[in-house]
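You will see two complexes here that share chain A, one where it goes with chain B and one where it goes with chain C.
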Partner chain A sequence: MDLALQALPAFLAGARDTVIYCVTAFPLALVLGLVLALMRNARTVWLHGPARIFIEVIRGTPILVQLYILYYALGAILAQYHLANMINAWSAGIAALALNYAAYEAEIFRAGLASVEQGQTEAAYSLGLSRAQNFFRIVLPQAIPLMIPPFVNDFIFMIKDSAIVSLVSGTDLTSILSFWVTRHGSNPLPLYALAIVLYLAMSLPTSFVARKLEARVRASLQF
Partner chain B sequence: MASQLRRRAFLQRAGTLGGLLIAGSAIPEILVACGGNVQTPVSSSATTIASEGLKQPGVLQWGAAATGGAPYVFHDPTNPTQLIGFEVDIADALAKLMGIKAKMVEVEYPQLEQALQSGRFDLIMNGWEINEDRKKTEVFSQPYYRYGQQIIVRSDDKRFADKTENDNLSLKDLEGLTVGTGAGFKAADILATNPKIKVKTYDPDLPLNDLALGRLDAVFLDYPMATYYVLGGGPTSQKNPKLKPIGKPFESSDYVIAFLKGDANALKLKGEIDQAISQLKKDGTLRKIYERWKMWNDQQAEIGIQ
Partner chain C sequence: MQKHAILKGLRPAPQRHGWRTAFDALFYVVAAVAALAFGIYLLSYQNILFLYFPAFLQGMLVTLVVSLISTVFACLIGLLGAFGALSSFRPVRWLTVTYVEVVRGTPFLVQLLLWYYGFGLALANLGFHPDRIAFDIMTVLQNNSLVPDSFNSYFYGIMALSFHYGAYLTEVFRAGIRAVPSGQTEAALSLGLDARQTMRHIVLPQAIKLVIPPLANNFIGLVQDSSLLSAVSVLELEHITLALGAPQTDANAKLFVFIFGALFYLIICYPLSLLTRRMEAKQHH
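Presenting the complex of A and B:
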């Protein structure tokens, strides 16, 4: 118990870093994912081709390798212009998480959008709505409640996945945990317990807010 | 990644356990089949040191982490199923003296202590140092290697152009710089004692790539790693022309073997291993191993290696 108290400030700092990585990377992933989903649904090959390649490549390769490429390969290129410091654990970590999750979110968007009946769009057009109006006012609002649970799933995954930043000198809750366990190997159980409590403290409110949000969106659409 | 490693380690262990069970159950049959021709391999005249403290007779099981573990124990880059490293050589030499086999049990570094407590192997040998926390649950062998911490910089860094490996440097020379090291390394603790040094820690990779790219001013780590990764010392190692060590290693410390405290068998094994280490120090085996890995230096005489 003493050890857990002693470790608390460091663990809280780690949890803060984890939160910062996720709350910056996830919205980026959502925006990029929506763009990718729209590109994939487009008719011209110049739009759906690249989107499809991006999704397949990112989804089919380990996030670890992507992070290494961003941090070291891109860093090596920038180092020639003495800009290597532009890519640090924060920027590389957030970029890797955002790019990786964008590929998954894109597929969730696509599934959500496809689940809205074609008849809705036909009705919207027959009422004289433009394509943009149809998308933002008819299709997207009906798709959102279906997409919230998988989005929350992914956000909670990201809270744990953000531990990869320790590979490039970043800190997060898992890296702080492993550092403390190394130093206090004789009795690490309080440290594991503390980490579990902090991870739950991040994921449970997320699920709670998401449930409320979903209920509200559904109610407003009167399903 | 961590969970994959753990799964792999679990599968490995499950596999070995299964294999041992099968082998174990087959032995009586083989003995019966061979009739009177079987000789027990133990207590032959070549064996000088007993090995009564082992969990499993005939196998010295030692715990270590092989991921990024060069030059201690790591997967041979040219043949990744093979484990090599100076600690593999030491474990084999110890086992040979006892007339038994050595077997490395892979565990992630932060979990080594837990694994020792739960009895997965006989001892820890993995660049292990004595500290206050470890004294609570472990007892230690005599040291088998003495080392210092090495400063590494970029070869083309003009600030260090006049510095050589023979200078006497200290933490003062790192003040005001951004210095990288491994998370949980002793070097990280040493650096943390000087608030004027900005420390960045890496896990499980070493910070040498970042030093080469200019994100760090210097790297501070155990001398054996500097030898392997920068100087090109030892099998499979390659010289890194972009980096150079400066100053003599300082903040000396010893690598020891750790056993479970309060366990009668472990205590017995500690006595036997100590005896074996003394012999390896005397008969030149340890020196040969360190020369092979380009880790030999004058410091080793201080702990009695001849």
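Presenting the complex of A and C:
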């Protein structure tokens, strides 16, 4: 208990860094995911082909592999061009999280956009709206409420997945945990308990919100 | 005729122009060229490729074996957890809910480190050494050279994977059992089967069919998460990739080794995910 109290400030700083990783990477993943989803829905294979390949490759490989490629391999490549300081745990971690989650968000976007009835689009066109207006004013606003619960769910997954940056010398909660465990190797259990409590403090309220939102969406769909 | 024209005006129909088809066809040409270029890229590092291929293959084998063993244990835990979650005895239900929520609310990496460094150390202090037990058993069977050097890593790694995915599979099995219509249970009970027989012969066989696609999805996730076992020195694919890739002095060769390692994961996961999606599509129609 003493040890846990002693470690608390450092662990809180780690939790803050975990949140920073996720809050930075998730919007990037959303934007990239929307672009991928639109590309995937495009008629020409020049757009939906590359999007499909990207999504399949990202979903077919572990996020740790992607992080290592960015951190070690891309870092070495960039070092050749004297850009070595561009790749660190922050940039590689955020990039890996954003790229990985973009592939998953794209699928959510696609499912959400597909759930808006075709009749809405037809009505919009018949009222003289342009394709862009139809997408941003008619389709997307109707799709977003359906997509929020899975997005929140994925955000929780991202909080958990951001732990991998501890394997490339990050500063998130798990990195702090490993650091303290190495220093207090004989009595690590309180440290693990503290880290687990902090992670639960981040994920459980979020998952509660997700469940509430989901119930609300379900209720509003039944008319 | 006119009506048709109006409808056509309403819905922007896919109008296939000749040039557009040709433009699309060009993509496949470019894609084929890109695939060829990728093949040439792989072959341009053939000295590394042939030298490291056996090690990568071995790593993939370890990944697969570890994943399969963990899946079996995770299924057992998940089934037990599902019965616990559906149990009418309240403390059992609370225990299951706590297990599921705690495991699903914390990163797998933390759980893995907890098993290996935390519980591993605590159990070792109590006199439990999995490697020694395995060695003794294999000595009796006259095969103790089969016990890997870091057996504890494998043991606790598999424990962590099983416990983590056990929680996810608890939810999967619970949903599967719930999805079997209650009329089936009622019919079985009214035909004179007892509760256990109903579960065993009526509900479970139907639930398993529903559960197979999410189970396959979780297996893909498990294979991918097993890459984290490299953090506790299990010699699986990602550990091999890092061990062979990180010391490369040439940056391009380094990139090649990491990409080569990723390809092995793709070879495992992509066919599985295609299969899963096909099964899902079949179930929905």
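Simple rule for what comes next: the second predicted complex is superposed on the first by the 197 of 223 C-alpha atoms of A that agree within 3 Å, B and C clash if a C-alpha of one lies under 4 Å from a C-alpha of the other, contacts with A are read in each partner's own complex, and residues count from 1 in each chain.
Criterion: a contact is a pair of C-beta atoms (placed from the backbone, for glycine too) under 8 Å apart; a residue touches a chain by one contact, two chains touch by 3 or more.
Since we're looking at a predicted model, the values are computed, not measured.
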{"item": "Chain A as common anchor, with chain B and chain C clashing or fitting", "value": "clash"}
{"item": "First, second, both or neither for A:211, with chain B first and chain C second", "value": "neither"}
{"item": "Partner chain in contact with A:16 - chain B first, chain C second, else both or neither", "value": "neither"}
{"item": "Partner chain in contact with A:166 - chain B first, chain C second, else both or neither", "value": "both"}
{"item": "Which partner reaches more residues of chain A (counting touched residues only), chain B or chain C", "value": "C"}
{"item": "First (chain B), second (chain C), both or neither touched by A:76", "value": "both"}
{"item": "Partner chain in contact with A:65 - chain B first, chain C second, else both or neither", "value": "second"}
{"item": "First (chain B), second (chain C), both or neither touched by A:45", "value": "second"}
{"item": "Chain B versus chain C as contact partner of A:181, first or second or both or neither", "value": "both"}
{"item": "Partner chain(s) touched by A:137 [first = chain B, second = chain C, both, neither]", "value": "neither"}
{"item": "Doubly contacted residues of chain A, that is, touched by chain B and again by chain C", "value": "64, 72, 76, 79, 163-164, 166-167, 174, 178, 181, 185-186, 188"}
{"item": "Chain B partner contacts - residues on chain A that touch it in the complex", "value": "64, 72, 75-76, 79, 82, 84-85, 88, 163-164, 166-169, 174-175, 178-179, 181-188"}
{"item": "Touch list for chain B against partner chain A, complex", "value": "1-2, 109-114, 131, 133-134, 136-137, 180, 183-184, 200-205, 207, 209-210, 213-215"}
{"item": "Interfacial residue positions of chain A with respect to chain C in the complex", "value": "43-46, 49, 56-57, 59-66, 68-69, 72-74, 76-77, 79-80, 122, 125-126, 131, 156, 159-164, 166-167, 174, 177-178, 181, 185-186, 188-189, 192, 195-196, 199-200, 203-204, 207"}
{"item": "Residues of chain C defined as touching chain A within the complex", "value": "10-12, 14, 20, 23-24, 27-28, 31, 101-102, 104-110, 113-114, 117-118, 121-122, 223-225, 227-228, 230-231, 238, 241-242, 245-246, 248, 251-252, 254-255, 257-259, 261-262, 265-266, 269-270, 273"}
